[in-house]
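Heads up, the thing below is written out as structure tokens.
Which chain is which? They are A, B, C, D, E and F, in the order written, and residues in each are numbered from 1.
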């Protein structure tokens, strides 16, 4: 269960309205790496965490903080839109300065939200759940979290360079700092997982004996030129300490041709009858039922 | 420019058809962490890489490999669907074994694709470009790549446990191994970026002096309980070597209330007139034009 | 079955072209509360209505009218785009007035539609079926219809204030009036449902004895401050006449901790083995089959 | 800013696992009228509310409660999936009872979430921001809120009838009750808006003098038959008290034919040259610039 | 403007309910090539047609027919769902026959639509406007229409083979016939466009002198093997009568390396400074403004 | 499996940067008819082709070429963005020429991609798999391919007219030529299918005897006026040589009223009990199980 306090985690007050920037800031509200994403990603990871204790608590701490970040940015957007010339189309085109402002605005912030933030990115695409991941495997998820915080800090840094409003910059300095800490924090949490013996370097920490180890070591040189042989990824011990890394200079396919089986005639795929019909014991209705029943006995 | 060879990178031949599994395998074709995602993510990263040489070459090597992975899985899907009882609805419900098979199938694989793979995930949601990232910042992107390979290997490992077909398992062992190498490889590439002095631990490697360093160090304890204080993320030097990490046990908001400004009356937001109108010099049409023009001089 | 007459329900003729406004008007074509939404929402409600007679007839009347509203707005968009400077990029940037116009245009109206309307909103997002609802419960659906007409009239009113073209305003006056009637009409239809004894105030009109009535009465004060105690929702008889409304000033959680069960080891969720395994009689393959079969006997 | 307590608002503990039902319950997590929708809808409405005091406080109370509802349902999903036979494909088809279970499961709950909830609906479609509305007009938004709670309670009631697990039913009784209160509450809030003189019956409470009042009163009988004339919506005073309602029995179009203007030749729309070119003073590059400049003087 | 008659264009009455088939039929309601697609595609093409007369009339005839096709299929879905065991989860798993039925059902048809059709495809993905095209170029659009009718008839034919219900088959025989006529009709309309001298074989019928004619004639043999040289596409006169077709057996790239320019330092793309800075006269703020202004004079 | 060469298929070098045009060009990257679409459409068609030999080889040739087209356009976008004034918001509005440029830019190209191409269309909507089709029926798919190349060439032609940069025009001349060849090529491939006796004019080439031939011949005149009777589609032999085409001047519905069955009471659809309950032998749990079991014997 959650509680809300009326104060913002950090002040979000621009010195002056700037409706063009209000559109750009939507990227941090509802973009793929905006605050809605980290909020939902961490909430679902926390709710789905299989161990009580420090990991689940950490995830819920940050998830709860991130709801407040959406709040801060959404508030900033509404303030940046104060007095925005949304209804001044006609007059606007007479004044090129105002025209440029209107050309760069998000029309939905006026028409749909009445001068507030939308759950969308800077191009108007609604946020969606496909942006997040909560797999239950903490190593895989913490790597995704470092990545999300890295992209988030990068976009914040770019937006920081797109304004000279002291109030906006003040808030973004706080966001930059939190993104720095959160990157460090998830990296430290990955180390903690190793220290606790729960996961290792590669996710998931399982099945290594089943996989083909000879294919777990080398770069396939499939793009012309061999500059890629010059990198640390093509020599020495792998970060997981299990493999020696190398390169396949002239890679050849290991499989046969990518042929497909003859089609089901009732589905009308174009076909010249050239392929040997499947073994009726293996396919078709009778084959399948027979095979399954055979297994069942 | 690209060339295609007719052989698959690795064999993709099931011992027997299994239409229920063919649906599950769609997750590796068109899911958020399927092969279409890594293909497109690496292609765009490669095309947008700002430096000729080993990094761009590496990215294009792997991107080109991944197109062939989509090919392998799509071929496997078509082969798993050979003789699938797509048109046996009526008869199926008479035989519960067959009925269970049909209940677990993807109807679009028959109706839309005629017995082949779709550019969708295992629940039928089409792949979309919102799954990928190519930011131009190689540290941020390589972190996203490690994360993608980790989720990809995790899903492959789960799917490996969902079949006992030797042919399917054979192919998945190859995929597991490549995902192991690719995780190691992107981790090694992150180290190479540091070694080359191009990036550091936190992305982007900039603006640290601008951000509020006092907020770049500590966990805000916003979820009840303090188990999260027990982790490596709440003490010691941060992974970036720049900060000492700690915890704010009883966090208080630093900002003021999240109030919003008075609305534009022409947009009909509900309003009681209680707020002081904005300074006309700052907002509204005249204010904005005036302010901008003032700056221009 | 449907018939089409070539005349528009109401005239849709701008005095002058205005390509910037043509983009904004897309919100009324393919936005979440545009004419495509009410068209499809009412059509599906009508087709799925379980009673012949006045309700189904009403819904189909309005659904059929709304197809004609999409027609009116789409025609208006094409006329607003007449002579639009879509191919004048180069010359445009020389003239700031023209540049501002082009900056505010929808590039797809030219590139994709050749100067016509698109099935998209004002930010270019395609209309989708997730916007509509047709639940079969007329009370729930009529409430959604009132809401849709309210948002539709609101957006129309905002757009009305964004133009001074007499032809556009003429058409929007008609749309405003229809939205007024449609709001009144759905509100009257809700009263009619009550009068006919088919539904009551709360949807669905069922399960009140099953639900926990003590939790059907009060506001949980989960946001700091108690201004919310001052509203009509926190005292007196509820609109449904069944409950006395109140407030829980200091709400405490009623449930236990949000823990999750131990994971399936074959799915590789991170786990320290700390939880008691589930009762094998209840979970896992054998447990589930056993339990279900037990029920069956 | 927000805080989190570890206990759930209400207990969410099934008596026994049921993976088929776990899929259906996804509708209440990430469906169009699930808990993610009301959470985000109320948060954005609250953040964008223009008046401090009881309305904003109410909205934030409920928004904060709803985050906890997502938490309850997500926890329930994970518990319903305990011991789910996700990896038993092969054995499953041998046992028709188990086969039926697997046929009805959500494969992504295993492959993607490792046995937990997803931010998706019951068919696997990710939640998206297009489901919510926060317009700034409280009357329009509260009508949308009543509608959302009505659909939410309806879906909950249907799901209540789809299980006989006492633990699941216990939680749903709580959800039903909250949905009852929330419907009453938003209805009461609409009355409060009127009482406070802020809004009236039709949203927005404006432009009535501008609109064509003769078109704000009557049903157009566009679907064959005249049963719709029998309803309360076709006679008497409208709910807003402003209009007398009636019916247009034989509606005729009021506009002219839906013709479109001649196309821009550089966009290659098919055209026979049959239409009079637009007045060059009105359209085309020169016309537009001239017209706009004329206005500016 | 449109009118509705209460009778269906053709009878849509199954002999018996079949909820599994009701799900599959959703593909014809809201799939990429379902009836919603042709309805909306033809409506927008008609509204955007630049010539009054036979073409616009034809398009509006068919568009209006297609609305009635959505009506027929939606009605069929509701009838197929009569008495569906939506709320019988618990009992269902006891009876494998019933279990198989439930495993193959669409849960949203019950939970969301109360036993009716949804605006979704057979996997639950909502219909969206990205499926349709209305470009204003009739040749390009009629080709898209032939393609849509071909895919539609193909899917209908597959669904025809998936049922043995005489009532369903009766309706599908009508749909198959209409799809046959519509394919013929759009093919005839393409010939009519040529006969009327409005378009030719290749769309758009323009710019042929501008394009590089030497690249408009030959197949690039980029996939291993040269079977593709055996087709009619690699020899003889092209269908447009303008080109002789051939093959490039050993294609070589015609362009230079796909390098990218040095990045904007304020956007933090990873960069080693290795590239020559752009000519300041061409890029950057000053360059761009200078260049544009130069043009303007 | 695939290989990559570092050179582009054709040069993609603008004479000068143009960030406004870089946004428009996104339509050819990730629009519904952009290069990502044809790439993925042809890849899936090739992987799913049921016949080895010339058809599969042709499809894979073109699919492989199209990956290189995405590469060319993505490279062009990055070069058009060189030195783009992304971070010059503040200064921009002072200079109307620069302001117009910024108003027309895609903010995500800077914020998300660091000055490169995105997998999105010109309005920022991500590419998705719903744009493509690979049905297994080559006639249906080749018709879709002609349509895709026609729309692609049309959009390219429009974009050709939106720039005067010689470098951009040079590349587009190549693209126009390839689109011309590809249209001719798919048309020739359709003729080849007929010549090889694999398919005919109407897709699929089956079920003609099953369908109602009397409904496969005529236009239903459902839109007012009879101009549509003047076209080649309303007289003479149909393109398939099987039918004589005509028109139904005064079409009457052939089906009965679109009524729906009584609802399942447990799903709470609004209902007055007016309909005869379904035959219990046909519907409901018992009816369905009984009926199915009866069939099984």
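By our rule, contacts are C-beta pairs under 8 Å (C-beta built on N, C-alpha and C of every residue); 3 or more make two chains touch, one makes a residue touch a chain.
The shown structure was predicted, so the numbers you read here are calculated from the model rather than taken from an experiment.
Novice: What's the overlap between the neighbours of subunit D and those of subunit E?
Specialist: A, B, C, F
Novice: Among B-D, C-E or E-F, find the interface that matches A-F: by residue number, over half of the contact pairs should be common to both.
Specialist: Residue-number overlap above half with A-F among B-D, C-E or E-F: B-D.
Novice: Superimpose the Cα trace of subunit E on the Cα trace of subunit F, which carries the same sequence, then give the rotation angle to the nearest 5°.
Specialist: Superposing subunit E on subunit F takes a rotation of 180 degrees, nearest 5.
Novice: If you average the Cα atoms of subunit A and of subunit B to get two centres, how far apart are those centres in Å?
Specialist: Once rounded, the distance between the two centres reads 4 Å.
Novice: Just give me the whole-number Å value for how far the CA centre of subunit B lies from that of subunit C.
Specialist: From the centre of subunit B to the centre of subunit C is 29 Å.
Novice: In subunit D, what residues contact two or more other chains?
Specialist: Correct list: 1-9, 32, 47-48, 52, 55, 60-61, 63-65, 68, 71, 75, 78, 86-87, 90, 93-97, 99-104, 110, 112, 114-116, 120, 123-126, 128, 130, 133, 135-137, 139, 154, 157-158, 161, 204, 206, 222-223, 225, 253, 257-263, 266-269, 292-293, 296.
Novice: Taking the touch definition from the header, please name the shape of the chain graph: line, ring, star, complete or other.
Specialist: complete
Novice: Okay, in this complex, where on subunit F does subunit B touch?
Specialist: Against subunit B, the touching part of subunit F is residues 1-9, 30, 36, 40, 43-44, 47-48, 60-61, 63-64, 67-68, 70-71, 74-75, 78, 90, 93-95, 112-120, 126-130, 132-137, 292-293, 295-296.
Novice: Name, in rising order, each residue of subunit D that touches subunit B in their complex.
Specialist: 1-6, 47-52, 55, 86-87, 89-90, 92-94, 96, 99-100, 102-104, 106-108, 110-112, 114, 120, 123-126, 135-139, 193, 196, 198-199, 204-206
Novice: Subunit C touches which residues of subunit B in the complex?
Specialist: Per the stated touch rule, the residues are 154, 157-158, 161, 266-268.
Novice: Please name which positions on subunit F make contact with subunit C in the complex.
Specialist: 18, 20-21, 23-24, 27, 31-32, 96-97, 99-104, 121-125, 154-155, 158-159, 161-164, 222-225, 251, 253, 257-263, 267-272, 274-275
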